[in-house]
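There are two complexes below, and they share chain A, which is joined by chain B in the first and by chain C in the second.
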Partner chain A sequence: MKQLLLRFEPVIWLLFGAGLSIGTMLLTGFVLIVGLAIPLGVVPADALSYERAHMLASNVIGRLVLLGLIALPLWKGAHHLRSLSIDFNGEARDGAVGGLLYLVAIIGSVGGILAVVRL
Partner chain B sequence: MRVEITRFDPDKDEVPKTQEYEIPVQADWKVLDAINYIKDEVDSSISHRWSCRMAVCGSCGMMVNGEPKLTCKTPLSAYSDSIKIEPLANFPIVRDLVVDIDGFMDKFRRVKPWIVRAKERAEDMEALNEKGTYSQSPAELVVFKQFSMCINCLLCYSACPVVANEPEFMGPAAIALGHRYNLDSRDQGDRERNRIFRGAGTVFSCSFANECSEVCPKNVDPAAAVNQAKLGAVIDWAKGLVLPRGGA
Partner chain C sequence: MAGAAHPEAMAPLKKGATRTAPPQTPASWWGAPRVRTYLLFGATGIVYLLAGGVVWHLAWALGKGPDAWATALRGLSNPLYILFHLVTLVSLIFVGVRAFGTMMPKMQPRGGPLPVLAPGVVKAVIFGAWAAITCLLATILAGGIF
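Our next item is the complex of A and B:
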C-alpha cells in the first residue's frame, strides 16, 4: 500500500493543494454567506432561494464549483490527517492509515460526482 | 553571565550533561564570542565548530535557548543574564557541541548538486563556445540566486518537525539546493532530480510547517524551494504521462 501511495503521491498532492485553496478561500466565503450573511440579514434571504440556488448550481460551471466544494476539501482533510498520523505514529502504519483516509476521500468524491450529475 | 553548555565525551558519558560557566561578557559580543572566551580562558576541553565569524562558513550553528541559531550572528545582548547552548537538534552528537553531519552529506549527494549536462556533440560545443560557453543572463541568474545562498549551516534540519520525526527525510537544505540546479538555465538534470524528488522521504514528506525558512540565517526560504520542487516534480510526472520520454 505504501508503494501505491508513493506512486500516486503527485496526484494526491495536487488534489490536496487544490483542496487547501478551496478550503481556505471558496469554502470560507461559502460559509460566510450561508452561515452568517443570510441569517444576519446582510444578504436578503431570497438571494439564495431554492429556485435561484438550483439555477446557479445546475449549469455546468455551477456543478463543477459544487463538485470542487464537496470533493477537494475531503482530499485536504485526508492528507492533513495522514500527516497528523505520521506525527503521532511515525511511518509504521502510514500505508494502512493513508490508504483508508484516501479511500474515504475517493468515496466522498464519487458521491459528489453523483450528486452534481443528478442535480 | 551564566552560560550552560552541553558536554558529552563519547568515551566516558552515556548521555549528554550540562556544565555551567560564569563569565564576564562585553556588550558587542556574539554568542560565539562567549563560547570562545570559555574555551580560551576557562575550560579548554570544550569542543565546538567555528571558522569565519561572518555568517558565511555555516559551521557554528547551535541551539541557543532551544532555538537553532548561527552563533556568530546572534548577539549575546538578545538574552538576559543566562543562556543555554546545546548542539544542533536532530543530529547525532560527536562531542560537546559538535554534531555528525554525514547523514546530511549523503542526502545532499543524492540531489546531484552540480550542473548536469547531456552529452554534447562537437559541433554544438563550437557554437556554444562562440557565444560564450553556458553563458547566463542576469534574468536567468535571479531565478535561482536566492536558493544558491545556502551555507549548509543545517539550522533548517534542527527546526524541521518532519526531520525530527523521520530522520531519513531528505530535508530542507538538500531539496533547496537540488531545486536550485533545476532552476539553473545551464542545467539539464531536472528530469533525474525530479525522479529522485518523487521517491520516498523527499519533497512530498514536507508538511510545509515553514520552520526552516523561519530560522534560515541567509533568507534562502527553503520552504518555498521545497514547495516549488513539489510542483516541478508533479509537472514532470504529468509530462511523463502524455509525452514520449525520448529514450531518457
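Our next item is the complex of A and C:
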C-alpha cells in the first residue's frame, strides 16, 4: 500500500493543494450563506428555494462548483489527517491509515460526481 | 597510498559517560505553541472531510426532489449543524490566513520562467481572490444576483 501511495503522490498532492486553496475559497462563501445566514434567518430561505437552487446547480458551472465543494475538501481533509497520523503514530501504520483516508476521499469524490450528474 | 581511515578510528575504545545521548522526542512535544498551531492546521482536515460530506448530502437531496431539498435545508437549522458551520468558518479562516498569508508567498517556484514576486504582492493577489470568490458566491447564494 505504501508503494502505491508513493506512486500516486503527485496526484494526491495536486488534489490536496486544490482542496487547500480552491476548496477553502469556495467553502467560505458557501458556509457563510448556506450553513449560517439562511439557518439563522439572516438571509430568507427563499433565496435557495428548490427551483432556484436547482437552476444554480444544474448548469455546467454550477455542477463544477458543486463538485469542487464536495470533492476538494475531502482530499484536503484526507491528506492532512494522514499527516497528523504520521505525527502521532509514526510511519508504521501509514500505509493502512493513508489508504483508508484516500479511499474515503475517492468514494466521496465518486459520490460527488454521481450527485452532480443526477441533478 | 594509504586507504581511507575508518570512520570510528578516532573514537575512544569505551563509550564514556559524557557521550551525547541519542536524540529523543520529549513527551510533551505536541504542547509547544508552534507545534500546536501546526497540529491544529492538520486537525482542520476533520472539519474539511465533514464539510465535504455535508455539501454532498445537500447536493444529493437537491437531486432527489423538492421535498428532500426542503428537509435537508430545514435540517441545517439544527443547533449542532450551526455549531459545526461556525467551527468550519473558523477553520476556513485559520487555514486561509496560514496557507495564503504565510506559506504560499514562500512556495513560489524559483529558477523557472516566472518571476518571483514579493511576498506582499502574492498575499494581496491570493487574499484578493479569496475575498472576490467569497463575495461572488455569497451574493449568488443569497439571491443578490441570478
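The rule we apply is simple: the second predicted complex is superposed on the first by the 112 of 119 C-alpha atoms of A that agree within 3 Å, B and C clash if a C-alpha of one lies under 4 Å from a C-alpha of the other, contacts with A are read in each partner's own complex, and residues count from 1 in each chain.
The rule is short, and it goes like this: contacts are C-beta pairs under 8 Å (C-beta built on N, C-alpha and C of every residue); 3 or more make two chains touch, one makes a residue touch a chain.
Computed from a predicted structure; not experimentally measured.
Asks: Kindly classify A:14 by the partners it touches after superposition: chain B alone (first), chain C alone (second), both, or neither?
Replies: first
Asks: Considering only the touch criterion stated at the top, classify A:32 as touching first (chain B), second (chain C), both, or neither.
Replies: Second partner only.
Asks: Under the stated touch criterion, which partner chain does A:87 make contact with: chain B (first), chain C (second), both, or neither?
Replies: both
Asks: Considering only the touch criterion stated at the top, classify A:6 as touching first (chain B), second (chain C), both, or neither.
Replies: A:6 contacts chain B only, not chain C.
Asks: Which partner, chain B or chain C, touches the larger number of chain A residues?
Replies: Counting residues of chain A touched by each partner, the higher count goes to C.
Asks: If we overlay the two complexes on their shared chain A, which of chain B and chain C does A:76 touch? Say first, second, both or neither.
Replies: second
Asks: Identify the residues of chain A that lie in both the chain B contact region and the chain C contact region.
Replies: 83, 87.
Asks: Can you list the residues on chain A that touch chain C in the complex?
Replies: Answer in residue numbers: 19-21, 23-40, 43-48, 50, 52-57, 65-66, 69-74, 76-81, 83-84, 87-88, 104, 108, 111-112, 115-116, 118-119.
Asks: Looking at the complex, which residues from chain C come into contact with chain A?
Replies: Counting only chain C, the residues touching chain A are 30, 39, 41-56, 58-60, 62-63, 65-66, 69-70, 73, 76-77, 81-82, 84-86, 88-89, 92-93, 95-96, 99-100, 104, 126, 129-130, 133-138, 140-143, 146.
Asks: Can you check the complex and tell me which residues of chain B touch chain A?
Replies: My answer: residues 161, 165-166, 198-200, 204, 207, 230, 233-234, 237-238.
Asks: Going by the contact rule set out above, which residues of chain A touch chain B in the complex?
Replies: 2, 6, 9-10, 12-14, 83, 86-87, 90-91
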